[in-house]
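Below, each structure is written out as structure tokens.
Shared between the two complexes below is chain A, which has chain B as its partner in the first and chain C in the second.
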Partner chain A sequence: MKIFNGLASFPRGGVHPQELKLSANRPIEFLSPPRIVTIPVSQHFGAPAKPIVKVGDKVKIGQVIAEANGFVSTHIHATVSGTVTKIEMCMDMSGYKRLAIILNAEGEEWLEGIDLSRTLKAEIILTGPQIIKKVQQDGLVGLGGATFPLHVKLSPPQGKHADVLLINGVECEPYLTADHRLMLEKGPEIIVGIQILMKALNVSKAMIGIEANKTDAIDHLSKLTKDTPGIKVVTLKVKYPQGAEKQLIEAIIKRQVPIGGLPIDVGCVVQNIGTAFAVYESIQKNKPLVERVVTVAGESLNRSSNFLVRIGTPVSYLIEVAGGLPEDTGKIIGGGPMMGKALNTPEVPVVKGTSGILVLPRMYAKRDPVLPCIRCARCVSHCPLGLEPYLLMNLVEKGMSEEADREAIMNCCECGSCAYVCPAKRPLLDSIRLGKSFIAQQRKEKAKT
Partner chain B sequence: MNHQKLIVSLSPHVYAPASVRCIMMDVLIALTPALLWSIYVFGINALRVTLLGVASCVVFEYLLQRYVLKIQPTVDDGSAAVTGLLLAFNLPSNIPSWMIILGCFFAIAVAKLTFGGLGNNPFNPALVGRVFLFVSFPVAMTSWPIPLTNRFQFIDAMTQATPLSIVKEGLKNRIPVVDLMAKIPNYFDLFIGNRAGCIGEISVLLLFLGGLYLLYRKVISWQIPVSMIGAIFAFSGILWMIDPSAYMTPLFQILTGGVFLGAIFMATDMVTSPMMPWGMIIFGAFIGILTVIIRVFGAYPEGVSFAILIMNAFVPLIDKLTKPRKYGKVKNV
Partner chain C sequence: MMYTVFTSIVLLSVTGILSGVILFFVAKKFQITEDPRIDAVESVLPGVNCGGCGYPGCRKFAEACVRAQDFDKLFCPVGGNKGMVEVSKILGLEVAEKEVKIAVVRCNGSLKNRPRINEYDGQARCKIVHNLYTGETGCSFGCLGLGDCVRVCKFGAIEIDEQTQLPMIDEEKCTSCGACVKACPRFLIELRYRGKNHQRIFVACSNPEKGNIARKNCSAACIGCGKCFKVCSFDAIKIGENLAYINYKKCTLCRKCVNECPTGAIHEINFNLVRSRQAQNPNVSIV
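On to the complex of A and B.
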């Protein structure tokens, strides 16, 4: 249970699935934009943005097409230049139909003032508050998957202050290599991005956590940060979910976020590698968030790759470029295999939070029959949050939501370690999610009355 | 693109290569060396008891689930086979066949399926079966064939007492320990398993090797065996130091009877043991203490099965007392 090999790690639980980083050696390829993009107005945590364009409007790349609706919300930008053809409900990765703006691409015309050159711009001119305002305008969200609007995270509530910035370069999900490639290919830009974030947060210390299986990225960033004051690279043990926010905080600075609290409660803010790069592009190059790196991978896929993709590109288009959907496909996943969402159709768009598209063969896609719990306690010993998943599942199945709440079901981060290790193949996380949504619903109703 | 057949389910989408059947197979594999040794020592009779035990449990589970409970039989998970093998391991080799079948019926029907089948039984089914036979047929259950003799006969008239019963009887008649030690096998014979006893309990060495295999396969953890054997050693050691002429040595206490079989294979049964490491240590330690109390102060020469069954009843309580510390739990809240 202790750390034998001396590498920093979160102290309890966790699993080590097969890493399967098929695309780790594939450089990021620019993917030419498709003819039609579908841009949902709700790609972030918080209120959906409000469309400000009409059908028939001409737009340029980087132009705001939907405005932030409130503080916890962010702008949405056009990712191709052309005409707004439809504004309607479209299926997104959640499987629900949500409002989206559909653009027809005509040519490749960027909004004036966006610097598309590749030269590194290291000098940071904007002040902290200006940076925070700018990242909201440029539609920046956490690109690790939670898509929390960046400006909210950079504005700690009254009386709270961060003393350290943690950068998440862990990428502990199997298959995914987008952040890995970004660290190798955009190292200097990421370092500037981190410095911008440090300035915005007014902290003098930043630490980049990277799992030990990415030695090249660790070496590269260590070299780059050798002469940069305040930024340090920390090598972390290869263990899932090392990149989950709470686990990363505990691994690097040995602090525990209290139940129901946020990282800022223990004086830190966590940002993803991809976000740091997007911050650089926004602040130094005046470029809004219109594209991101997406890993497309699968054992049967011809060409597992890392693509630089425009937001709104259909998943099917990515798979086509990666060699087409294999015959034996059983499941398409948006995200990683541990926390990602299974898609019921590849005709959904890539959004800001899409870190990967995985194509799983049918033989891995089916679940095994469920057996009774044999009390092996693997779910308990592998839970990184010290919960008892078998107990939570029992409580949820019996409808005992109050007891489940007392057992801290809401603290579950849904990493899936419990369901991963269960020898009886019990759908532990399914039940826990059900219980969580039920309790969340109850709390909402209570708040109303 | 044809994507009508896409499977949609919640995450996680990959699973560890572990299964209930895999765990049960590991237990069977771990018990095999001890089984082969018992066949060598007790001959074809040991094979008869084992095969009949395994077959009866599997058949009873199948028939009861299929025709009485009218549910899909679950014998393919391997748990009935494990129960049968463990029950057989807890029987003397010349027990009549019908008693084996009756014990298996009791283990499967009463101790397991009545409570809802695998995972729901509070008591170890194999031990319930053994204790049922033990209290019902005390003579047959304590008739121990002499090791390495008459190995090719089904009925064995030549029997001898186990080391533990020699000691129990002797101490009751105030025979000094020194004289008793001459009547029982030496420590080396006890260790490799050249002694009378239940067919699966005799070879400490091979049970220990099986335990190492289960540890390596992560089917069991070290806490229960270590704390149980440690507690027996410590408690009987204290008694021995108080009066070496009236109490047996701690080494004798851990090498005899069903201590290793119980500590490694019976007390560690996942379904009927605590879940957390500290709970396991408490559980094991109390089994050890109870075992010594029954052996030294109780009416029976051996107490491992009773001790484990008694502690099985405390598992829910122990689990409640040793809950894992929740991440982010603020003290005094």
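On to the complex of A and C.
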């Protein structure tokens, strides 16, 4: 739907939180790897990888240390060179203890065959199926946050075909600037990455969606794509949650993904900017996914910035580099402020899906007291999926999971717009998440019997 | 004017009488004869509709009792043995006495034993926290202390102790209906025999992690060392998943194990202080 200023967006709901892009002008800094890294084996959507190293083994950077366990799973690579010291349950960003491989760094030795030069390599040699195989071996996942294994997305099920590739450069969450900086600094590489993805998917059209608040990135990428056929930059209205897959599809190409469906059902595949860059590194430079750009930001942090971080780096190390933990810290959040999760300890590692670490002062991090619902229906009008959050919350509170399922609770994308706009500060999303997990569990049990 | 009033009165009375007559015959024709014993049984049941018997409410339980051939699988935990005797008097069936149960909390992660390492400020519901993360302490299996069990208890038998932040079960009020067992997202509450003189012992820990990790997060954790298993002469203790479990059917309350436990994870209840072995155990820090 075209709106007054002519910019495209998704038609229903959404909010516009304060942007607070504190680190938008800070170039990406290379962070020297820490001495100890903790690499969880389940950093992606799907089955956890199986460790193939033993305690005491020597590993090099880029070496596979855990193998994919099934089709919807990926390899995990060593991100420092050194010794495997422990394989045990460790706390990760999810807030639970999960199996992780702990490496002690000794020196900086990369696996042979990895091209570390900075020269741009634009010629794509591999064929489509070869590309898909290579990204699977290099452990690539969607770096936007959902961490869906890339090779699964690139191999559509039989009978379905993608005709357009959408690149997500929206970054609609406040604070986060990792994708923004990547677009500015690695533009040519990203374009090559997009061309690789287009080749793998066998599509001739790609569209990069960028929100209007990143004018420099829009200009930069528009200039670069002027003479590349098929790639177009689309300016989008600033609105949250535009970076959510379904909303982005609706905003750019006006197609609606059916309930319970995937983007491939409407003929498109969505990839993140960070993923496009990782694809370039993997295919052209033979470099597995061992590092990613992470925004570290916060009002009272000395040095909010963007860092190129090895996966497995402890969050506490990142905060140290950014100027140490401020005294008035209320919460440390992994991810953006809208969808991210507060960490219960700063000793958790950065994983493939970590786009940002936010150190929020106490005054922002606190929760307001919950008041009764005044039935203003703001949550309904701001829900990008057209659900009725107040109703879902009540149904979940009363334990009426079947009714909640009928009201399409499973369709909720957990963007948190409802809880953000609620004047009574009701924890709508908490309850909806509870209901979703309950129903998911019920379905799993049903499938078993 | 008069005419309108008159006709409406006549019309309404005629319809009323007619439908009354029809309804009388319909009711006769489709009458449901209910066993009068159902009402009688229901009247002697406690009537709290707690669901502890496995039926949705006392009425359904009464129906099941009337239908049943014997009372093997039917038991109202709230009414207890006394209540079942009264039911059996009405129905003329024999009822065997059953051991009375009580809820126990298998976690001893009090504030002192298990220090809080972070602060949760969201909605105060155990289920939500359990879905979100490990909880305020390092132990991902222990009590969250937000009182989901307190809220479901229809008898007011559970309270969160302010000092320990653990649920305390009131022995007099607990009817072993089992609502709290279902409400706890971490499956910490168990129904065990009340025991002779209301005395019982149990392992107050549910953490299956390895001993050193469990101990790091909670000083009162069961570390699965097996000392209690070795000392037990009644084969009542089992060790599995780094956790000891005392079978209440076999336990004779000799309490050799209580003194043996290096972390004080085995709890004894209602033994007087002079005879208490837990108090003599040098490893234990009673809160």
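Going forward, the second predicted complex is superposed on the first by the 447 of 449 C-alpha atoms of A that agree within 3 Å, B and C clash if a C-alpha of one lies under 4 Å from a C-alpha of the other, contacts with A are read in each partner's own complex, and residues count from 1 in each chain.
Note that a contact is a pair of C-beta atoms (placed from the backbone, for glycine too) under 8 Å apart; a residue touches a chain by one contact, two chains touch by 3 or more.
Everything numeric here is computed off the predicted structure, so don't read it as measured data.
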Q) chain B versus chain C on the shared chain A, clash or fit? A) fit
(Q) Quick check on the superposed pair: does A:345 touch chain B, chain C, both, or neither? Answer first, second, both or neither. (A) both
Q | Dominant contact partner of chain A by residue count, chain C or chain B | A | B
(Q) For A:157 in the superposed arrangement: first (chain B), second (chain C), both or neither? (A) neither
Q: Go through the superposed model and pick first if A:94 touches only chain B, second if only chain C, both, or neither.
A: second
Q: May I ask you to decide whether A:325 touches chain B, chain C, both, or neither, giving the answer as first, second, both or neither?
A: first
Q: Could you tell me if A:367 is touching chain B, chain C, both of them or neither one (first, second, both, neither)?
A: both
Q) In the superposed arrangement, does A:416 touch chain B (first), chain C (second), both or neither? A) first
Q | Vertex chain A angle, Cα centres of chain C and chain B, expressed to the nearest 10 degrees | A | 70
Q. For A:386, is the partner it touches chain B (first), chain C (second), both, or none of the two (neither)?
A. first
Q: Pick one for A:70: touches chain B only (first), chain C only (second), both, or neither.
A: neither
Q) Once superposed, minimum distance in angstrom between C-alpha atoms of chain B and those of chain C? A) 5
Q.
Show me the chain A residues, by the header's touch rule, that chain B contacts in one structure and chain C contacts in the other.
A. 95, 341, 344-345, 366-367, 427, 430, 433
Q. Once bound in the complex, which stretches of chain A touch chain B?
A. 12, 15, 17-18, 95, 174, 246, 250, 256-259, 261, 316, 325, 329-333, 335, 337-346, 358, 360, 362, 364-368, 371-378, 380, 383-388, 408, 411, 414, 416, 419-425, 427, 429-430, 433
Q) Of all residues in chain A, which touch chain C in the complex? A) 89, 91, 94-97, 341, 344-345, 366-367, 370, 427, 430-431, 433-434, 437
Q: Report the residues of chain C in contact with chain A in the complex, numbered from low to high.
A: 117-118, 121-123, 125, 127-128, 131-134, 136, 140, 209, 213
Q: Would you mind writing out the residues of chain B in touch with chain A in their complex?
A: 1, 3, 5-16, 18-20, 22-23, 74, 77, 79, 116-120, 270-271, 273, 275-276, 323-330
